[in-house]
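First chain written, first letter: the chains are A, B, C and D, and each begins at residue 1.
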Amino acid sequence: MSTPRILIVFSSLFGANSSLGALAQSALTDAGAEVRIRRVREVALPSDVQPAAQNQPLADADDLAWADGFVFTSPSHTGLLSASIKAFIDEHHDAAVAGHYFNKTFTAMATAAFAHSGQERVVDDLNAVGASWGCILVPPSTASATMNKLDGNPYGLSFVLNHGQIPDPAIAREVLNEHLGRFAAITRAVAPLRGRDGASD
Amino acid sequence: MSTPRILIVFSSLFGANSSLGALAQSALTDAGAEVRIRRVREVALPSDVQPAAQNQPLADADDLAWADGFVFTSPSHTGLLSASIKAFIDEHHDAAVAGHYFNKTFTAMATAAFAHSGQERVVDDLNAVGASWGCILVPPSTASATMNKLDGNPYGLSFVLNHGQIPDPAIAREVLNEHLGRFAAITRAVAPLRGRDGASD
Amino acid sequence: MSTPRILIVFSSLFGANSSLGALAQSALTDAGAEVRIRRVREVALPSDVQPAAQNQPLADADDLAWADGFVFTSPSHTGLLSASIKAFIDEHHDAAVAGHYFNKTFTAMATAAFAHSGQERVVDDLNAVGASWGCILVPPSTASATMNKLDGNPYGLSFVLNHGQIPDPAIAREVLNEHLGRFAAITRAVAPLRGRDGASD
Amino acid sequence: MSTPRILIVFSSLFGANSSLGALAQSALTDAGAEVRIRRVREVALPSDVQPAAQNQPLADADDLAWADGFVFTSPSHTGLLSASIKAFIDEHHDAAVAGHYFNKTFTAMATAAFAHSGQERVVDDLNAVGASWGCILVPPSTASATMNKLDGNPYGLSFVLNHGQIPDPAIAREVLNEHLGRFAAITRAVAPLRGRDGASD
């Protein structure tokens, strides 16, 4: 398979994960992947908030079926996944149990306002979803000097926001390029196990 | 304080957590607590499902303010909290950060169809919410022969469903009586730290 | 009970947790507690390292029996508890299952060189031990402006080391004073549940 | 690469994980892998216990370097990894950070006497170690009827012991054959990313 297909699914109330998704899209495209980027429907919206990225397309079952690999990114809300991305996951549980996502690849990202308030737990819970689905998990590790520029979250790329923004986009790009480049390569290597071995089809 | 006030919040699509909540209500009433039992709004409802317990009242900010202690119970959906109970948690995040639930007590319960598919993780994530809120956590332990009749989940009472039902209600009652009796006693003991020390009050 | 008895158990290879334990001891003494501070035996010692604090007494079964509440503090080694503090926990498993620590209080602390490399997971795993033992858990929350000076770890106080040292001891003292003062008060409030209600005693 | 090299590392006090390791060895050999099976040194041994499998060789740095993929298996002690397997992990932390295990594969297994007492947490903590090391994680999923014969632990194969023994060895073999066959295939597919692409070299 020359071109792995990667689906980025993000939940974004105020825009940080929408921006992060766009950076990930760019990194994956540079790595030779075909990329779809999709938001989830907001289910717990404060009445005075207009959610970010509402003009972007919603993720659906076809996107999940199309992809060889998944990048999920969520804010930390009360230290856990947003309810909105959880609702998306719940809605596709039956397809997951039926094995539709088996041996696809998975990596997780998170954002939060504080350094410790659930960033480990958000990516850990996302990884648990990937595990349930039968995905092959690709966490970033602490075994890379580049990854450690993000202060060493081995379980998923995580970003401490600065006034709601991804800080230092140059570092974010460098880290995303390295990690998602690796992610695309692993996705390419395992796709033949699912019978995906031709051209991008 | 003679009478601790306990709020039971449950998420129930097919009815198991509604039944479990009712058993908990009975155990807490027997332990001398004043009890409210409330459901959360369903946010990720399959179109062909009529949710259980829709005639029961919805939990709201007043219930959270009223209570001295919280019992949260969720099914395991893809190994995590239901999206619906997460939406309820998200909607009360600001009050939590403002300290409204500080030094209240908290205990978690879960149900799932399989023995291992997230029952530890669901109560662990609920406990993480209680921790974020500043609650005092009361997990059931493995240090009790009664608790271990539920096969030893030390982090929260968890129930492996049998065709969607709580199995062996007699054991469920015995375990709930012991654990929630302890929970009520601890809630009573710490309430004076919040200035709750008169009659009920 | 006028004077709660608190046991601090620390694991320290290079000294950070030994220093942190001493700061905790000071905060607890100021809060009116009677304090013992004890190290654990090192079990996975690099051959060229002389462990910190080897002249301090080792924690033993008598210390665990004596205490009304526990403060456990561990470095993050490969993102988890040190093997040394885990060995101490394993060695007292039978007493825990027999209920010797039931209804005692528990809070967890951690240190690491990076912001995200297991600091949530270390305190979470320590809390899981407290839960297994039947302890009442007192995590610090995100519901306090003081706690959030440590960048918002709601599950346990955690410290990102600066060249192996606790950074900014003034903030560390402020945070420890507030959290451990609360911990001592809760320990005092629940001790009568264990029949500990006289003077100290 | 025709023959993936898999290292099984087990911690076994009373023998269950030694038996489980032997079953895994058999399943991996049948799947065409070259297998080493190694125990860890016991570090928290009760004085009256003769550890199981002490005549088997100890895992060392050379074994970790040799392998293309890792199977780690631990009992649940107080709901977490055994101290002994944690000591082994701690002792190889520097090599892990230096990237020696980057892009190798990893899967986790656990045993416990109770259904819920840490079996999710043990494999989750082992997976966290694999993530820190830069490994590609292969959890078993809930998307397989065979895996669910073990009652649905999606994060790692886990076994509820019956009087200290792996129950129903026929089911254990079936589950291990399916999961470790998949694990060997994924290990083979990703090995070229590490320059391991010839014959078994």
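In the analysis below, a residue touches a chain if its C-beta (ideal position, glycine included) is under 8 Å from a C-beta of that chain, and two chains touch if they have at least 3 such contacts.
Here the structure is a predicted model, which means the values were calculated and not measured.
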{"item": "For chain C and chain D, chains touching each", "value": "A, B"}
{"item": "Fitted rotation between chain A and its twin chain D in degrees, CA, nearest 5", "value": "180"}
{"item": "Identity of the chain that, by mean CA position, is farthest from chain A", "value": "C"}
{"item": "Separation of chain B from chain C, taking each centre as the mean of its C-alpha atoms, in whole Å", "value": "27"}
{"item": "Distance from the mean Cα position of chain D to that of chain B, given in whole angstrom", "value": "35"}
{"item": "Per-residue overlap in chain C, given as positions that touch at least 2 other chains", "value": "79, 96, 117-118, 121, 124, 128, 131-133, 142, 154"}
{"item": "Contacting residues of chain A [partner chain C, same complex]", "value": "79, 112-121, 124, 142, 148, 150-154, 158, 160"}
{"item": "Contacting residues of chain C [partner chain D, same complex]", "value": "43-44, 46, 77-84, 86-87, 89-91, 93, 96, 117-118, 121, 125, 128-129, 131-133"}
{"item": "Of chain D, residues touching chain A in the complex", "value": "96-99, 101-103, 124, 127-128, 131-144, 154-155, 182, 185-186, 189-190, 192-193"}
